[in-house]
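Below you will find the structure I want to go over with you.
For reference, chains read A, B, C, D and E in written order, and residue numbers begin at 1 within each chain.
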Amino acid sequence: MTVMSVSRLRRLPRAFVFGAAILIASVIVATFPSAFAPYDPLAMDYVNLLAPPSAAHPFGTDNFGRDVLSRVIHAYTIDMQIALFATLFPFIFGTIVGAIVGYVGGVTESIFGRVVDAVITFPFLVLVIAIVSVLGPGLINMYIAIGVVGWVFYARIIAAEVKVQKRLDYADAGRAMGYTHARIVFRHLLPNAITPAVVYWMTDMALAILLGSSLGYLGLGAQPPAAEWGVQIADGKNFMATAWWISVFPGFAIVLTGLGFSLLGDGLAEILRGRK
Amino acid sequence: QERGGVMTYGRYADSMFLDPVLNDANVDIWILSNMYDTLLLPTDDGQSVQAGLATDWNVSDDGLTVTLTMRDGIMFSDGTPITTEDVIWSLDRARNPDNGIWNFLLAAVSEVTAPDDKTIEIKLAQPDPAILPALSVFNAAIMPKAAFEAMPGETDLEKATAFAEKPVGSGPFVFDSWERGSTLKLVKNEHYWADGADGQKLPYLDGVTFEVIPDDATRILRVQSGELDGAELIPFARVKELQDDPNINMELFPSTRVADIIINVRPELDGEPNPLSDVKVRQAMNYAANKDAIIQVVTFGVGTPTSSFMSSTTPLHTGDGPVFPYDLEKAKQLMSESGYPDGFTASILTLAGNQDELGIATALQQMWSQIGITLEIQQVDNATRTEQYRNGTFDMRAGAWTNDIADPNQITSYFAYSPTIDALHSGWKSEEVDKLFEESQSELDTDKRAEQYARIQEVFNQEGPTVLLYETPYPVALQDNVKGFNQIPLGNNIFRETYLEKE
Amino acid sequence: MTEPILSVRNLTATFGQGASALRAVNEVSFDVMPGEVLGLVGESGSGKSVTLRSLLRLLPVGGHVGGSVSWHGKDIVRMTDAELRAVRGGQISMIFQEPMTALNPVLPVRVQIEENLRAHTQLDRKGRNARAKELMDLVGIPDSARRLDEFPHQFSGGMRQRVMIAIALASDPKLLLADEPTTALDVTIQDQILNLILDLRDELAMSVVLVTHDLGVVAATCDRMAVMYAGRIVEEGDVTQVFAQPRHAYTRGLLGSIPQAGTERSMLLSIDGTPPGLAAIPQGCAFNPRCDFATDICRRTRPHLTGDGHRAACHNSDAVIAAGSPVKKALSHV
Amino acid sequence: MSDTLLSAQDVSKDFAFGRSLLDVVKGAPIKAVHALNGVSLDVKRGETLGIVGESGCGKSTLARCLVRLHDCDGGRVVYDGTDIATLSGADRRAFNTKVQMIFQDPYSSLNPRMTVRQILSEALRVHNMRPKVEIDARIAELLDLVRLPQDAADRLPHAFSGGQRQRIGIARALAVEPEVLVADELVSALDVSVQAQVVNLLLELQDRLSLTVVFVAHDLRLVRHISHRVAVMYLGKVVEVAPTETLFKAPKHPYTQALLAAAPEVDPTRRTRRVAAKGELPSPINLPSGCLFHTRCPHAFDRCVSDVPQLTPRRPGHVAACHLPDPELP
Amino acid sequence: MSMTAFLGRRLLQLVPTLIFILIVVFVLVRLLPGDPASAVLGDRALDADVERINRELGLDRSLPVQFVAFVKQVFTGNLGNSISMKIPVTQLIADRLPITMLLTFMAAVIAVVMAVPLAFVAALRRDRLEDSAIRGAFQVGLSMPVFYVGLILLTVFGAKLRWFPVGGYGDGFLDHLYHLFLPAVTLALSLSAILMRNLRSAIIGVVDAEYVTFARAKGLRANLILFRHILRNALISTLALFGLSIGTLLGGAVITETVFAVPGAGRLMVDSIYGRDYPVVQGLTIALAVLVSVTFLLTDILQAWLDPRVTK
């Protein structure tokens, strides 16, 4: 890292730096879980059921005798995936729709308004549960279910922001230059309108992990034997009194990752606000 | 025994419909007998019958007539006497093929009559060795005809719906109030006929309040905090912990509950040849399944390996010790002899959110991977699973069974006898078993019937469409002062002799 | 000669702490005489608003005021919060450039006037109501009784500015601080508001500090003026004197930038470059990189504000005086 | 230099309020801001036409109609003999290159996420102004033209001061080699000293490139300084048009007179304490009848309330819309 | 625009929303695999029974026919009978929706009570220790799965300390409030975190607003400035967010109600989805939609009251 980039790093908000550090570490762990995990996360050890934390198993073992630490580490892969994939489609699709709705306005906007109303009127979790039940459980279907609902929130944010940007002179300047609508929307307005959506995205990723764990609790999320924090916590629920380590450590992981995302989001918001 | 007091009992789910005939599920079945009395009652061990509203019973030698003598002075909880008319009407309603799903239990009955006002005569179209237990099943409960028919509505269903809002029966308890999803209150039936062993009138309790607490952990917490006197369906994981709790009496009531894996054995699935149709494969899977480990992991030692597809508490059960003791070598051997020496991939349906089934599947996933079978776990909700099950489009599913009647015929007709539901919708069929079962259905000679059942179990256990796992008791946590509560092997919660000991 | 009512000495305003602290206002000193209108001019960012706000210690979070502001023998910079509250809005009032943002959008005008009366007068409820109406009439808002219950967004720009003035006048202040009160307004409305302020000054015998960047406004309303550049006062004096004979090159440049009648479509006498940022104020005279008169000394040492009555901080005052006032030239041209 | 290049002919423009379903059900009348109410104006080749008026009188709306950022609701805008509303496709793009607009707000008129080079090359590319290889050279040329340093090309707008940004805006407009520049409040957001720089630049460019300029502003001194002719607008109407000197020396419309009187003089020795115009601009939603100015006019008489005055010639090249032939200066 | 016209418009907007929801939910429940009869009857039912019962329920008719029948029913205020419980859906809703409403309402109140003062402290002590501590604590609250938080609260405050009952709903209004306190806290956690964040930045945005400076220039007391000028303006944007979160809050009630054994509508909804109890799912969705819409309306009114510009 060059001197300059170090000094620039120092000027970034503290929240941003911490958040980014947590997430970069998380992504590394998620990418190479085997490099960090001491055991095979699926290996069962019937003589070592529910062993408390020890040198051999720093986070103890679960009711199958599986190493909790290794499972928490391997869960990074799935949970970071959930964070990304459950939000990526809503982000992209919502952004595109929102940009168009915000730019065109008028009737499109009224119709969109009703769609938003309908979606936010419907209890989110219930809708997701219903959709997952239609499609069947599993991560992909969970992504689809979250996506079907989630894009609306991005679209709302983007539409509102595009409407603001649209009124600024540079949008008119583009039109006065004879540029096409598509160019004005996607080349000019969108890059300027997208920041609140990106900030929301960060929060949303943390929420996606949480939602994933709620669905895991209901058996609708990640499927076993894959380790996923929510599923692990749900698994450990019956052992809160006797083997707290099964649920507490994955709980830490969720909190830490959530913290990473929201710090990053806060920091990002601060940077972007500062630039304005 | 001490009298009085109200017992609060925590259940995992609320009842849905308190009609003995039209109800559908265990949440209703298991408590109905507290409100509705039957002519005969199951014994505490669930193996045979004892006197109920009828004091004497007799099956004619040809097995075609059952004669019962009604108890004297019995009345419904509203004080109206129970007449033979009520009995005839109730049994006719229960056996009407248009009513509910339990009428098959009384399918052999052709006519119910009352020669005099103390006697009930039941005529059978063909002999039925299970007719006495059938009269002790919830759907044969005796209901007040007049009160029922006075209900608003045109159809039986409409009347039943109105009636079940505030049901009247002759069981030890009477319906008092019901907040759906939360509490169901029963109070003592002042008109109940039975006396306890101490000669006092039953029931001892003033009432029973059922509280619905779907979350296992919360249910246990409520017992531990003393807010509940008892709670059902304690997760096995917590049994040990509660056994160690000095204030709590952790009961494990013997049950007819068996857990297994149901395998679709149709030769083709989705147009592909189905490896599971190969009996060697199934045997290999049975051998490779380490039941002790599963019992340890899933039931935390509470369960015992099944020795037959039916539980050891079922009449005419045979066998002892696991049918397929864990033997990986043998399993590998069998696999290599099968049509699929290199293994295959198959999926298993488990109920979303059900930790037991998930545990079984997770353990099997690992165990079977050693004989080359890749198991994909699919957690689905009940309706989805039932649909796939019914359509026969599943590979495997986790299954559990509890008898409703103190006779092996119910479980066998579902498990082994193909005309009922295709042997657990598995597509399995054995001419021999079908024939034996049909014969046993009207076989009055107990020994002969036992032989028939022994053979059915032998065939099914060896070749059947299941991986046999374990049987488990009913885990019920009770406060130390709760005495005389019983959950019989059929699942019924019996409060009539329950009392709360005062210090 | 009368005593000044407000006397500012070495006023400094800093933002931030330690090494990254920025000085937005640097050792500014001036007096305000009773009944006079003092104009504070300068380009955007020169520190006019910060100076004005520092007088009442109204800087946003992170701002710090130094120096002294003496008001009736007391130093505002060192007053306790309670004392300060009595001065703020009581003896010294302030109005802002953008009435839409300076009036609380969610409160009716009545509340916004009343809270000021409640803070600074002994009037009872009825008295406050009557006074509020009186104030609305005073600033020329027709139908005042009804309009008191309206919200700021229901007023036009000019009316809003009148409302803000009414609020500021609520407790008969002796000094009115006005931060570009007419910049957001149309000429005809600006003309009305400026005249209103002058009328009120006469009626209520108060002094006014008027911040503006429009030399036209200064010429039309102020008695004395101070020109700010990069956080400092560079020239100060009687308005007529300064216009007729600017002594600082920057003042001269400003005057020259204004189009004059009779010079149509000719090049304006502009100042090259842009004002410096606070973080990079040039050495010596802050104006030297943009100055046509700059000499070596300008690049080395900072000039002090010198002179009597008409003061300027310029090493080359003489040269500037010699070059003459661009306005004069224009005027003589007509 | 008297041939008309661009003209507005009886242009009107309304901005309707959103009508809710409920309004429709209730049959409430359609409410609209009447931003332009029949504006007629010619812009001659090579001249600078100044347009002045108070805030909200429709200056910007008119400017936008001239470059077809708005489509007018009534009347038409004719450029070089063709009604611009009929243009579409390639013709429309060609028109866009010929008539360019520069904007008021130096902060919002540039896309904050595009470098100067991107902004300029986009304009050049979309309109195929230069072959690809020459684009960099052309950008250098343009920067030179507006007096920006060459290293400005690769910086983002936030790195520039307001005056510099306005130059970038001018460069962007000039990139497509227009004939007409419509400048809406080009310098009103700038400091006086910087204002002067930009005004000087505009004057210079106009000479060099023989541009026609429509200069919209509310600053009378500025308009006077750079315009050949000046049009005064009030409530969406042109009330007076005259050569600059004439207009400032001998205004014929009472509104023009009030406007001139209200503007403070840069001479402290010539103060007045008389209020130039009473009252405020009426709401453009409910326009006054007759002469729009009658509510504030010191000379108003009954005809002003009932009849709409037309623009009538007063002197050569000087028209005004007032019922009085020669209202006295107040 | 007057307040009545504003309300009228909002009510009219509700109509298409409800129709849209009606269609979506009708189609969605029928897309769910499985049918009501087999869902209710479970594994033991015979095929003939299943068919018979589905026929009795009218599920053998074509979808459009069913939909028309359904819409007719809805307009007569009859939402049909529950398939599993056999009783009228309206009765079920009347029994159980108020519980969820009370729970959500309490959660909303608790969320506001937790968020507002702490947002103030965090905003006014921005970037100091207090700020970091408050934001960190809320973050933890936000990141914890609801079922986990619920269980911890139950264990600690219910079973261990005995301050609160371990789940259930109780008898009588005050007892209800007492029983619902812990679940409401659980439900409120994530909402309060979101509100706190939003309000904190809104306050930071408002603190430097010109009208706050003007208020200070008037010599007002700090408290007056804080409450009258800062809080009220900051609340406006937070209020909108709050309204939007009601749907999410109701959704969160599903899990909370399960953990705390509260017999509310959320649990009923999920049970009914699993039980393929079409009439209950449909009826409950409509009821929830109306409820949420009314909440939106209320927040709109509140917002219009806080911010006179809104009705414009």
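Here is the rule we go by: a residue touches a chain if its C-beta (ideal position, glycine included) is under 8 Å from a C-beta of that chain, and two chains touch if they have at least 3 such contacts.
Only a predicted model underlies this, so the values are computations on that prediction, with no experimental measurement involved.
Within the contact network of the assembly, the step distance from subunit B to subunit D comes to 2. The chains that touch both subunit D and subunit E are A, C. Note on connectivity: the fewest chain-to-chain touch steps from subunit A to subunit E number 1. Interface comparison, B-E against C-E: more C-beta pairs in contact at B-E. On a Cα centroid basis, the chain most remote from subunit C in this structure is B.
For the pair subunit A and subunit D, the distance between mean C-alpha positions equals 49 Å. Averaged C-alpha coordinates give centres for subunit A and subunit B that are 45 Å from one another.
Centroid to centroid, with C-alpha atoms defining each point, subunit B and subunit C lie 90 Å apart.
Once the centre of each chain is set as its mean CA position, subunit C and subunit D turn out to be 31 Å apart. Touching two or more other chains at once is no residue of subunit D. In subunit A, 133, 136, 217-218, 237, 240-241 are the positions where the chain touches two or more neighbouring chains simultaneously. Shared contact sites, meaning residues of subunit C that touch two or more other chains, are absent. Here subunit C touches subunit E in the complex through residues 53, 56, 58, 60-61, 84-90, 93-94, 96, 98, 101-108, 111, 115-116, 119-120, 151, 153, 164, 167, going by the rule given at the top. Only residues 126, 207-211, 213-221, 224, 228-229, 232-233, 236, 306-309, 312 of subunit E touch subunit C when the two sit together in their complex.
Those residues of subunit A that touch subunit B in the shared complex are 42, 44, 46, 49, 63-64, 133, 136-138, 217-220, 223-225, 235, 237-242.
Chain contact summary for the complex, subunit A toward subunit E: residues 113-115, 117-118, 120-127, 129-131, 133-134, 136, 206, 210, 213-214, 217-218, 230, 233-234, 237, 240-241, 247, 251, 254-255, 257-259, 262, 266, 269.
Every residue of subunit E that touches subunit A in the complex is listed here, in rising order: 13-14, 16-17, 20-21, 24, 28-29, 31-33, 136, 139-140, 142-148, 151-152, 155, 190, 197, 201, 244, 247-248, 250-255, 266, 269-270, 273-274, 281, 285, 288-289, 292-293, 296.
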